[in-house]
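In what follows, chain A forms one complex with chain B and a second complex with chain C.
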Partner chain A sequence: MPSIVPTFAWLEGLAWTTALRESPYGYPLIETSHVACIVVFAGLVIMMDLRLVGLAFTHAPLAQIQRRLFPWQMASFVPSTATGILLFCVDPLRYYRNVFFLAKLVLLALAGLNALAFHLKTYRTAEGWDEDPLATTTARVTGAASLLLWSLTIVSSRLIPNNWFK
Partner chain B sequence: MLLPFFEWCDGLAMSQAYRDSTYLFPLTQALHVLAVTVFVGAIVIGDLRLLGWGPVGQSRASIARSAQRILLWAGLAVLVTGIPQFTTNAMTYQRSWLFVFKMYLLAVTLLFTATVRWRVAIAEEGRLPSWVTRAVGAVSLALWMGVTISGRLITYYG
Partner chain C sequence: MKRNIFLVLLAAGALCAVQPAHAHHAFAAEYDNTKPLTLNGIITRMEWANPHGWIYMDTKEPNGAVKHWMIETAAPSQLSRHGLKKADFTDGMTAVVKGYQGKNDPGLANGRTLVMKDGRSFYIGSVGGPNDGAEPQ
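Now for the complex of A and B:
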């Protein structure tokens, strides 16, 4: 299998990634924007999850919370992904072997699949239990899984600078 | 003036334990970020509602009351995970203008949230002109994002 390392080395050597890496403001400002967007995105996803598991906003119909929060989740998800990709491009050789970075990618994929399953299957039946303070068992399990996956994603993201397992 | 307090924090057994351990500080920091995320989520849902963009089918007061419980629990977790980070690095933080700025901003923001924002959120619907509730939502959002952003920047420019 061809190694990905030369591609990452090429990416790291580009003029703009080098400039961003060496600038005293480039990397910190992109990372801070990344964190600010993620906090809003994940924060709103967690609010939706807390409604799903029946821990908060139980008086509000689920569809209403979901429909009104979704545009804001997307408005913060898009820039957080863009800044995340940018951060990776700046230092790919540092990240691609970092355990916490890899764990974050796996957790993100799982959280994405969980959200997709919810939207394609569980949410379709939501009309029947929309106003119940306690959602169906499947919906609650999806909410709990989302809570766990996003929490672990955030924790592993913050641990990336500590490369404990080399 | 506060130097003896910072020195006392620095000398605590807990601070020493944090300095001696490879894992304690980063793990506490990661949990702090998680608690901040939950806290900010509960703030943003309320602010969006104040701005007229959130779950408008629900009254501002009912969203605020439900969010308040989350704010209290997440706020407690932010505090519990924030204190050891502060005491461990007290001597560094006392010289950090960003840390001092974040703390002043946090004090103002907490005061605003507990007084103006809360009063406006639980006020009877229609009693206040909509520009007032929208302005309070916008100010709250700006203040809390300011606290979050300045907190993150301490790592770089503190």
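Now for the complex of A and C:
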């Protein structure tokens, strides 16, 4: 199997990744933006999930909460992902074998699939229980899973800088 | 009531601003502040990089063997603020680094002070290190 290492070494050696890695302001700006966008995104996702599990906004129709939060969720998710990809490109060899980084990727994928399944299946049936303070069991489970998966994603992200397992 | 909550939040925010921002990983998670080190050797390479720089240094053990060190420094912005430039480092230069031993890795250290051959001394420590007087006030 061909190794990914030469590709990452090439990426790390590019003029623009090197410039960012050595920059006094560029890197901290991207790093701070990454965290700031995640904070906004996580807050919005948590509010949606709390509605689903039945702990917040229970008297507001689900569709209304969804319609109001979704554009802001996307507006924070896109830049947080873009800055995340940039941060990876700046230092690929540091991350690609990091246990917490790999765990983060898996958790992100699971959280994404959970959200996708909700939008494609559960939410389609929402008309029937939209006004109901208590969502359907499937919707509540999806909300709880989302809370858990996004929380774990953030925890594993926070642990990436600790090189406990090399 | 709303006004009171706002004032409390404002005060909390102001307190957070006074507290110096911690490095992205805690000093205590990786380094032992009870094990100070003074490393006298040859800098084989310096990585002027975010989020931390790295000084690679070779020192001589008492038995004559060469020991390789990987010494963490502050980020480029902080190194610049304390007067260092990327061009100050040349591969093969001799220097003295004062710092602390890594907890698990015997070749890992956290740099606090860098003393060049010409006697110039620079603070290279990350934010959140021990309050040992290395950082100029």
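Descriptive notes on the structure:
FYI, the second predicted complex is superposed on the first by the 166 of 166 C-alpha atoms of A that agree within 3 Å, B and C clash if a C-alpha of one lies under 4 Å from a C-alpha of the other, contacts with A are read in each partner's own complex, and residues count from 1 in each chain.
As a working rule, contacts are C-beta pairs under 8 Å (C-beta built on N, C-alpha and C of every residue); 3 or more make two chains touch, one makes a residue touch a chain.
Since this is a predicted model, take the numbers as computed values, not measurements.
More residues of chain A lie in touch with B than with the remaining chain of the pair chain B and chain C.
Shared-chain residue A:A36: touches chain B; no touch with chain C. Applying the stated contact rule after C-alpha superposition, one finds that A:S23 touches chain C and leaves chain B untouched. Of the two partner chains placed by superposition, only chain B is touched by A:M47; chain C is not. When the shared chain is aligned, no partner comes close enough to touch A:F77: not chain B, not chain C. Looking at the shared chain after the overlay, A:V90 reaches chain C, while chain B stays out of its contact range. Touch criterion not met for A:F101: it reaches neither chain B nor chain C. Once the two complexes are overlaid on the shared chain, A:V155 sits against chain B while remaining clear of chain C. Residues 28, 31, 161-162, 164 of chain A lie in contact with chain B in one complex and with chain C in the other. Of all the residues in chain A, the ones that touch chain B in their complex are 28, 31-32, 35-36, 38-40, 42-47, 50, 56-61, 64-65, 68-69, 72, 151, 154-159, 161-162, 164.
Note for the complex: chain B touches chain A at residues 22-23, 26-27, 29-31, 33-34, 36-45, 48, 53-58, 62-63, 66-67, 69-70, 145, 148-149, 152-153, 156-157. The part of chain C that touches chain A in the complex is made up of residues 24-25, 29-30, 48-51, 75-77, 80, 86, 104-105. In the complex of the two chains, the chain A residues touching chain C come out as 20-25, 27-28, 31, 90-91, 161-164, 166.
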